[in-house]
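Multiple structures are listed underneath, in structure tokens.
Here chain A shows up in two complexes: once beside chain B, once beside chain C.
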Partner chain A sequence: MKTKYAYFFLLPTILLLSVFYFLPTIQVFYFSLLDYNVFGENEFNGLSNYLRLFNDPNFWYAILNSGIFILVTPILMFLSLMLALVVRETSSTIKLFRSIFFLPVVTPIVIVGIIWRYIFSEDIGLMNYLLSLFSFSSVPWLTEYPTNLFSIMIVTVWRGFGYYMMIFLAGLAVIPKELEEASRIDGAGRIHRVFYIIVPMLKPTLILIFVLSSTAAIKIFTELYIMIPGTPDSNKTLVYFMYKQAFENFDFGYGSAAGVIIFILTMGFSYINIKLMEER
Partner chain B sequence: MRKIILFSVILLISFLFVSCSKKEDKKIIEFWTLQLSPTFDKYFNELIDKYEKDHPAFDIVWIDIPYDAAIQKLLASAAAGNAPDVVNLSSDFLAKFAGMNALADLSEFMPNDSFNIFLPNALDNCIYNKKIVGLPWYLNTYVLIYNKDFFKNAGLTQADIPRTFSELVDITKKYKDNSGKYALFWNIGKDSYLPMMLGSEGVEMTDSLMTKAMFNSSEGIAFIDKWVQLYKDGYLQSESIIKPGSTIIEAYQSGQVAMVFTGPVFLRRVKDNALSIYSNTDVAPAVVGKTGKHELAAMSISVMNSSQHKKEAVDFAFYVTNSENQIAFSKIETTYPSTIVALNDPFFTIDDGTLETKARIIGAKELFDAVRLRKYLEHPQFDKLRDAFDEAIQKACLGKVTTKEALDEAADKWNKILAHPNPSQRDGL
Partner chain C sequence: MKRKFGTSFFILIIILIFAAAALFPFLWLLGTSFKGAEELFSYPPKLIPQNFVTENYTGVWNAVPFELYFLNSLIVVIVTVILNVLISSLAGFALARLKFKGKEFLFVLVLAAIMIPKELIIIPLYTTVLKLGLADTLMGVILPFAVEGFAIFMMRQAFLAIPADLEEAARIDGCSFFKIWWNIMLPITKPTIAVLSIFTFIGTWGDFLWPMIVLKSQSNFTLQVGLSYMMGTFVNNYRYVAAGSVLAVIPVILVFVFAQKYFEKGIMAGIGK
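Take a look at the complex of A and B:
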């Protein structure tokens, strides 16, 4: 009897997920097998879109760039863990810093992109101005590859560390204080406590952040769209490649094929997470 | 509990019936425009009211959409089966949708002489594969907007105002050498203006049948190389190779550059955002190449092939683009009408001494020499052609290859695309 009511209450969520998630996913798989024409008849062309994809140098560049982008993951994990360790105290000053560190997370991404585009502007931007004060020459933050990719990574780290810091704080909150106290009494220094007590206890949190951060890195788009839209296609990542094929070139079948590949890659990372959890 | 659930379901179903009830038996024509609201709200409301009074069987539903989201909204509506009947398109959008056979051939609905009211070069902008897929609406052309003060401070005079692209190259160098600042912002990488400059210089991008790229001729290479060298020698902003043309006016109104080459309509933006820059601004005729021709920027109105009321939609499109309505439109914002009669209105010839009028008069005269220089827009894969060219210029500017190597590589890509318009027949592009 109670189970019947449970399904009734789950129904709206299942309907929403089906309409806005599962069905579109199945549609994308289907569209990837078509020469899709919004204004006319579609033509089934089997795996042609995938063959084109594997022969497209820009697709492989996109995979390479997405792979490079995953480098933000260890940087983010390290930075946000360190910050979480600093702000885990409960004083009002520390609480203020927590809010400050979280501000980039809640700032709209488009605003972030526009402001950082000006900061990285090679002729009038703050970064090159600061470099000039120390007699360094200008850096082509936005125009040259792969420097422009690293500029986007800086923005991603800046925007993301507050978010992962909060997740780490939640993880740190469940570590028994007695463990740390005991290790301090036994003579363990701060660094030893972090690496031998805290980090092992944070393993589930670390895995979660690794998966979240790496899948977000694969799916990076808005920052590139705002900051370096005019750079060559070989400078872009997978989701940008997919967007361009579908919404700029109107090649929806081809874009859908790219979408399927992105889906497979992100599923791969989720699978790694499941395997790591099983080992635990 | 059961009674409450039953009552809620009955209420929901009855709401659905009410909302789906039959409306009045009027034909609805949906009309989409690009980013004209709220400036033109009063104009369109009056225009539509008048049309509906004269055509009581019709309801015109006007929807204004943001320019940046236009493609996505149009595609989404087309995929959902509720695309508009009449739609305002820019040159690039028109080319794209024409290539996808999304637009009706208007000559099937109106006699040929109906189109004679338009400027021939403007109407030419709307002809793709011999079909008239749109009516030219409001036009824009290019003028040189420059800061008199900056020029004076750099030791330059009125006589130094460039008229040709060669003079523009020289003055760009002279200005920076004298002042240490950039003379102009010129997008040569993304959505590059270079193809239009080549066209104005008399260098064709392709042969007449669009089967072979021709921009890598010795003349084309020599011309492009001047601009590549300007960039490499630091006379153009670093981001000239990645910023699109839509950001041109930002550089001018923020005082970064002394001149820009853009439409007179942007003077209003300078006036609103940077009054001090505006007060030192003057305008000059467009910079042109050897042919004296320059690019015509045309907005058009098209009828979608999916429209259920094509004949009526075409009639409405002609109504919106008639001379009377176009003159009224141009008086609100500095644009130009596309009909010959409207362009001869005193509004475009009488100078009242203001900067905007001066720009308007200069632009109006230039319209007769403005043409679609980017003929490759007719190709269904024109965006890939454009990308291949832009990326070649970017490579050359960054010193990865010489200008000749870059243009030869781009020409190879163009030849592949031109030989196989269908992407699935072609590798990698």
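Take a look at the complex of A and C:
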């Protein structure tokens, strides 16, 4: 039965999505072509924001650093798959451990950053103390580039492994038990089973995790804001670059141009992934 | 099936290592929040303070308007959860159960909204909020997140799973669409609503970038913005920040513990299973 009431049900959604999603999406492209003045008239200046971007070494650093962050993806995949494989059974003890692994996932990033900034602190931090026990010299975990990026990657892995473990568990749950049983009867070893039976069956899950983890890597911001606020711009990532141009330098046009580039990069990502998904 | 002792031992070790890694930073934070000034910089660092003090907890309440941070976070989270549930269940109901012109188009729009990351449109979002006069207000933090494409998608899936006869019976009885939605459909989708509420709660409680941009005055700060501000101003008073962090993490842990069973369900829903 057709009904006009449907529009009444959809009215708040249409209103909110238009004002807070679609309009800003169009605007970010428009702003990127402007010399935006927060307090005065805007001037159209064509592609000059983009030209400025491509000549800004800090922008290239931001792209490079965001690219480096994607390296967390294979690490996270490996660790969380390993963990998912060992906690597959659902005894109550295992369930308790699963919850423990999930605890970092629900913790606000700001608090995660606060905890780890202290653990990584150079003179009083725990990390350097542990190193000193094995008579290693202290490491500038947060102050030196690119070490500080790797420190933040450790935090990302710490916060993410429980989440991806859960997704792997969901993926593992749909693998038919008979398949594994059959290979076990055929005499396949544990490692063999993982690589030749389980991993190929998990391809959709692996692609999903690749997408989730990589887009999260591109969008990383808060960890840097909390953990390495004082470091030079060349140590920062794309979203941080955009934030800084817009909300510290009040250059909305320039920041929007950076936003458009990030937009295109993440869209490219989604496109590759849709292609990958079509293959299977 | 029984495993060899060696294998189970190996598995146990892996589980324990990961569990220790997951828990240790929390214990470290907790320990720090009870340390006195002299112990904070003690070397070697100690997990459990030798002089157990509670002054950091009183200190943080006196140093900043911490109770306001807490209240603001609560307001933002509760209103965001309620709006998300109401608006997305209205939309999800229409998209799943009603027939109307432009239905496919509207559903495509919802999917498009899922694909646009909020971070990337944050600049025009801010100018919009400025124009609406919502800068430095909690409403300015809440409204842009009052509905998410993903929430609509989830609710639509839940409504699609309900058998049609139920709705038809109600319609024969003369119920209006609004009544069908409120009296029949909403109660059935309670489990999905629970999952959606919990995930929105956790997500909104931890949100930082957007509230940090919108909120300017201390009395309007949410907890995350306040903690970040404290991190900037009391760099050398890490104990207060640690105490504040412990207080700010308690609500999420409570929700997590009491709503445990919904988390696995939510993740399954999240990946479209």
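Definition applied: the second predicted complex is superposed on the first by the 265 of 280 C-alpha atoms of A that agree within 3 Å, B and C clash if a C-alpha of one lies under 4 Å from a C-alpha of the other, contacts with A are read in each partner's own complex, and residues count from 1 in each chain.
Throughout what follows, a residue touches a chain if its C-beta (ideal position, glycine included) is under 8 Å from a C-beta of that chain, and two chains touch if they have at least 3 such contacts.
In this text the structure is predicted, and so the values were computed from the model without any measurement.
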### Task
Return first, second, both or neither, reflecting whether A:Gly259 touches chain B, chain C, both chains, or no partner chain.
second
### Partner chain(s) touched by A:Ala182 [first = chain B, second = chain C, both, neither]
neither
### Query
Looking at the overlay, what does A:Ile124 touch: chain B (first), chain C (second), both, or neither?
both
### Message
Between chain B and chain C, whom does A:Leu47 touch in the aligned arrangement: first, second, both, or neither?
### Response
neither
### Task
Look at A:Val199 in the shared chain and tell me whether it touches chain B only, chain C only, both, or neither; answer first, second, both or neither.
neither
### Task
Return first, second, both or neither, reflecting whether A:Phe247 touches chain B, chain C, both chains, or no partner chain.
both
#### Entry: chain C versus chain B, contacts on chain A by residue
C
### Message
Applying the document's definition of touch, where does A:Phe161 land relative to chain B and chain C: first, second, both, or neither?
### Response
second
### Task
Considering only the touch criterion stated at the top, classify A:Ile228 as touching first (chain B), second (chain C), both, or neither.
first
#### Entry: Intersection of the chain A residues that touch chain B with those that touch chain C
124, 229, 247
### Message
Taking the touch rule as given, give the residues of chain C at its contact with chain A in the complex, in rising order.
### Response
7, 11, 14-15, 18-19, 21-23, 25-26, 28-29, 32, 40-41, 43-45, 87-88, 90-91, 93-95, 98-101, 103, 106, 109-110, 112-113, 115-117, 119-128, 143-144, 146-147, 149, 152, 177-178, 181, 202, 205-206, 208-209, 213, 223-224, 227-228, 231-232, 238, 241-242, 245, 248-249, 252-253, 255-257, 260, 263-264, 267-268, 271, 273
### Query
Tell me, which parts of chain A touch chain B in their complex?
35, 37-40, 45, 48-49, 52, 55-58, 121-124, 138, 140, 142-144, 228-234, 247-251, 254
### Task
Sort out for me which residues of chain A touch chain C in the complex.
1-7, 9-10, 12-14, 16-17, 19-25, 27-28, 31, 82-83, 86-87, 94, 97, 99-104, 106-112, 114-119, 124-126, 129, 158, 161-163, 166-167, 169-170, 174, 190, 205, 208, 215, 219, 221-222, 225-226, 229, 239, 242-243, 246-247, 252, 255-256, 259, 262-263, 266-267, 270
### Query
Tell me, which parts of chain B touch chain A in their complex?
71-72, 75, 78-79, 96-97, 100-102, 182, 189-191, 237-239, 241-244, 256, 305-306, 383-384, 387, 390-391, 394-395, 398, 423-424, 427-429
